[in-house]
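Heads up, there are several structures right after this.
The two complexes that follow have chain A in common; it is paired with chain B in the first and with chain C in the second.
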Partner chain A sequence: MEHTSLLERVLRGIALTLVVVFFMFPIVWIFMMSFQTNEMILRIPPQLVFEPTLANYTALITGKLQTAAGTLDIAFMRNLWNSIFLSVTSVAVALLLGVPAAYAFARHKFRGSEDIAFTLLSFRFAPALLVLLPLTLYFQKLGLANTYFGLIWVYQLICLPLILWIVRGYFEDIPADIEYAYRIAGHSWFATFRKIALPLAGPGIAAAGLLAFIFAWNNFVFALVLASADKQPVTVGALAFITSSGIQYGQISAAIVLSITPTLALALYAQRYLVEGLSLGAVKG
Partner chain B sequence: MSASALTISSVDKFYGPIDRGVHAVQKLSIEIAKGEIIALLGSSGCGKTSTLRMIAGFEEVSRGEISVAGRKVHKLPPVKRNVAMAFEGYSLYPPLTVRENMAFALKAARLQKSEVDAKVASIAKLLEIEDILDRYPSSVSGGQQQRASLGRALIRDADLHLLDEPMGQLEPQLRAVLRGRIKHFIKERGLTAILVTHDQTEANALADRIAVMEGGVLQQFDTPQMIKERPANLFTGTFVGEPPMNVFEAFVGSGAGRINLRLPDGLSLDYDKDAFSGPVREALLNRERVIIGIRPYAVRRSKDGVPATVSANQWLGDQTHIAADFAGGSLVLVEHDRTRLELGAPINVSIDPANLHVFDQSSGNAISHGMELA
Partner chain C sequence: MHRAKPSGFRISKRVLPYLLSLPALLVCIGILIPFLTSVVYSFQRYRLSQPWARQFNWGDNYISFFTDPKFWNTLEISLLYAGITVGLELLLGLGIAMLLQKRSSLNNFISIMLLMPLMTAPALAALMWKLMTNPGFGVLSYLASLIGLQDFRWASSPSTALLTVVLVDIWVYTPFIMILLLAGLRSLPTQPFEAAALDGVPRSFVFFRITLPMLTPYILTATLFRLLDSIQQFDIIYAMTQGGPGDTLTVFQVEAYLNFFQSTNVGRSAALMIILWAITYFLSNIFIKNWLRLRERARGQA
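Now for the complex of A and B:
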């Protein structure tokens, strides 16, 4: 370790604190807001000390929102379930399709392979809103609008290119000779893909899957246009808190806390796995 | 013994479109008998690794046929060719220990566990990697990984063992020891091996026959001794041999029962015409210009020789390499004693006609070696 002076350590500490406060403040604040009523939140000046209430969470979980104008039904738990179902299924489908495709693009160069790979990437170039209008028309014709199937299909626009391009890079980093060594020892290419390529690219596949999950989870506009209330994920469902009798900041905060919990948990879990994978992955001699 | 282990007939390899891409291997034909050890020797990019990979099935054969043990294999996937290979880049499986890596190669053979253990143990002993068997590839040195990779290939009972630069990363002493052991191992079991190397010492020590390649073309395929004594062309002559063969351009002249080879700078090598056999004499006199090659070991210092000036003098511990300015170029000679010669010292060298290799000036093909025609 290099020697650092006291001053350096103090400055470094201050800098780190600033960064952490800057990034963590909104989350901490939202977390605090989720335990306050709307009146407490809107107090001026805002107060750090308050009497916590679980009313927001109760309202979300029971689906009964008490507003000044009366009781309102909200489908937050349904939305949360929709988010989980849509994201998990989309990522699963994208992994199922994208990983073998990434392997093919990485290992088997064929005429036009680069063009196809690029076309898939180009799905991410077009602004979603531009795609949505024709897509909505088609989906209505095909009867796919407002179905889970249709939504998952559209979510492939988000997940598939991401997984394809990230995983492809990981496959390309595996020396081809390792696979050749396995194949020449009497195994088919499919066994090689399963037993050698997949495990070695494991951390990359996990990272790509995680990223795709977060993107799918955070998607707003596809679901807004293509899904009605019972199929909407939390991102769209949160709009319900903007009611005629005001914005329900407390419930919104509680909803945010609940909706980031799965992604956060997943990220923390996968982070441990990723670090492990990377330190193990000394593939090159 | 005489059964053919590998037949390569008229194989071409193009990278890119056929006839327009890079022509990496050109019209290669080689036949190898069972139990032989063959070295493919050549500089980088000469096509030797491409050839090996075509035999293994990792590269497509653009034209021609390859048979292993009598079966045409050039259209089969690697798994069906029954060949074993040690890779230049080791290519061990990172998540497995060295022991598992080696045992893994036997998985497809479905042997008893005790049998596998015994095989791994004996190969590990042979290659001196017993102490690292339970470690992971990433935690052992390059040399150890290379030996593990070699072990993974040798442990298999295949029709053909392909070894791509199998000892490039080893220390010289270990390399010398292992060469002997591996050769013994291969011969004892009657295995057939093809070794790709750019190290001619390795090729000489291990191989029964050496295929010298350059620019995708097979230059010569013969025993190490024949390649050294009777190189087929200028390339083989200068590529094989350490230090390399001295090469000079010469004008052929004759007169009064003598044949003389006139070198640049007004120097001349003068021989009695009976020093050459009739056909050689004729072949020489038919040409105006030739290229002569002399092995450094064949150059002698003598009082009545041709003058040269010492330009470098290196004692290597067991022999002296002397470089001298000679005939507009440089001449290297090797002596077994420590020679004290100052830089710039004048010496006289003579070359026995029996040690003279003569090559055609335009094609580079050998004309004669000493007394005999090539």
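Now for the complex of A and C:
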């Protein structure tokens, strides 16, 4: 494929341009809308050149929206905080539970270990509402409805299988002989785990954590079913936004930009590990 | 480094792995309980609005599906949605992966950029497209009017609602297939291709007889993975149209959600989810076999 004709190169160029335009355009457009006032947005034909305004972002951050009808409260910062808190805590819990289990599954094959690992994996593919709908009734009885604790528990459905299966692969890649040598030198099992296995699998654990964070952040259905307004993350909060009256399109766009920026930034940072994470460790990038 | 002192409390080697995986096991159990509850609900006549009338009706929820046009609509639209999205995404993803196959800094940059839709929350992606297809000011409605489609209603018209959500699904998930196939393409051994080039084999032949067969495990894994997610699609459809207009887009999970929260018919909702679960269970068994094979291969290379 070294000697490509000019025609082919031109066609490839056009195809690639179309691909980039299709996939980038919505992000660029919403980004532009977030710097426009409502009057600019409503103008037809849509304007490519405009005077940017930060008014949408100030309205979101201060939580006050000045309209002709008076001042409106926007709870968006609360949603943003919920997203951060829920995602960070869920990933921390999943790492705490998942990393030792991954190590056990990788190093000590024991009876039932594969069954547990595959059951956890199958959760990744089971319909979320199958579990969520009975859980709403249980949570109401247990007093867990609309609590961070309940939400974080349910978020383990996404975080734990991901962390378990990716980190397990990293532990399996460490030659067992290194650990045996350290054990023979008289160190305890725990010291071996902490001083040898954990540092060697470190990059993989970090990558799994970042990915789990992205998936927790992007989750929609858990909080939609189990949380009410004050516990909702941005994915659910932004949807409530569009239906509430008086909110303007510029603010919705700004809210979307603020909500997707963290995951996009993390994805760019962790892109080396994305392929592996997305395929749950089956394909290496 | 200090030597570990023998502590008074020693965990025997046999118990240790169980102890380590205990939390994961507990999470498993914590999730299997609501799952089993769902199974029980699906055999009950259970409406939240009439708790007194709750009783086992055994298979009635399932049997009534046979004569229920709403159920057949749900099944049809779910399968249609999964088939169209995964089919188109596979073709597009494979095409884009082939375009980006050569390792160059431009190609790498583009492939990283294309990950951005995939990292956008699907619910927010639907919201973005909702803004762009707004009949009042949406840029896509404007572009549609430019090419002669006056008053193109996108998601608010029953005839184009499916097209619109499929478009959003393609926007979000094509990069998923692209990135897996790109990794697959780049990991293929080069010798067969060099040999084919030396022999002057036509490129269509190379594609169908060398590239595709060697890429099959990757294609299978990516396709099944997407199929499993797509048949359960909720976020995009709910955020975009909440299953409407009418019942145009009431796929399984959306229909179950509406049944539970709007008509408070827990029994029917649970039965729907069990049927969806049976479908995904069947698919995931095939998937896991392929996925394991690919995983073994990736670990082998490491």
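Basically, the second predicted complex is superposed on the first by the 225 of 285 C-alpha atoms of A that agree within 3 Å, B and C clash if a C-alpha of one lies under 4 Å from a C-alpha of the other, contacts with A are read in each partner's own complex, and residues count from 1 in each chain.
What we mean here is this: contacts are C-beta pairs under 8 Å (C-beta built on N, C-alpha and C of every residue); 3 or more make two chains touch, one makes a residue touch a chain.
Because the structure is a prediction, the values reported are computed rather than measured.
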Practice task
Classify the contacts of A:Phe149 with the two partner chains as first (chain B alone), second (chain C alone), both, or neither.
Solution key: neither
Handout entry: chain B versus chain C, judged by how many residues of chain A each one touches
Key = C
Practice task
Please indicate which partner A:Pro199 is in contact with in the superposed arrangement: first for chain B, second for chain C, both, or neither.
Solution key: first
Practice task
Quick one: classify A:Trp81 as touching chain B (first), chain C (second), both or neither.
Solution key: neither
Practice task
In the overlay, answer first, second, both or neither for which of chain B and chain C A:Tyr269 touches.
Solution key: neither
Practice task
Could you tell me if A:Gly186 is touching chain B, chain C, both of them or neither one (first, second, both, neither)?
Solution key: both
Practice task
Please indicate which partner A:Ile178 is in contact with in the superposed arrangement: first for chain B, second for chain C, both, or neither.
Solution key: first
Practice task
Examine A:Gly169 and indicate which partner it touches, taking first as chain B and second as chain C; both and neither are also allowed.
Solution key: second
Handout entry: Residues of chain A that lie at the interface with chain B and also at the interface with chain C
Key = 186-189, 280-283, 285
Practice task
Within their complex, state which residues of chain A touch chain C.
Solution key: 1-2, 12, 15-16, 19-20, 22-24, 26-27, 29-30, 33, 41-46, 96-98, 100-101, 103-105, 107-108, 110, 113, 116, 118-123, 125-135, 137-138, 153, 156-157, 160, 164, 169, 172-173, 186-191, 195, 214, 217-221, 224-225, 234-236, 238-239, 242, 249, 252-253, 256, 259-260, 263-264, 266-268, 271, 274-276, 278-285
Completion exercise
Seen from chain B, its contact residues with chain A in the complex are 56-58, 77-79, 81, 83-85, 87-95, 104-105, 107-109, 137-138, 142, 145, 149, 152, 156
Problem - Interface residues, chain C side, partner chain A - complex - result: 1, 3-4, 11, 16-18, 20-21, 23-25, 27-28, 30-35, 37-38, 41, 95-96, 99-100, 102, 110, 112-125, 127-132, 134, 136-137, 139, 142, 171, 174-176, 179-180, 183-184, 187, 193, 197, 203, 218, 221-222, 225, 228, 232, 234-235, 238-239, 252-253, 256-257, 260, 266, 269-270, 273-274, 276-277, 280-281, 283-284, 287-288, 291-292, 294-295, 298-299, 301-302
Exercise for the section: Could you please specify the touching residues of chain A with respect to chain B in the complex? Expected result: 175-178, 180-189, 196, 199-200, 280-283, 285
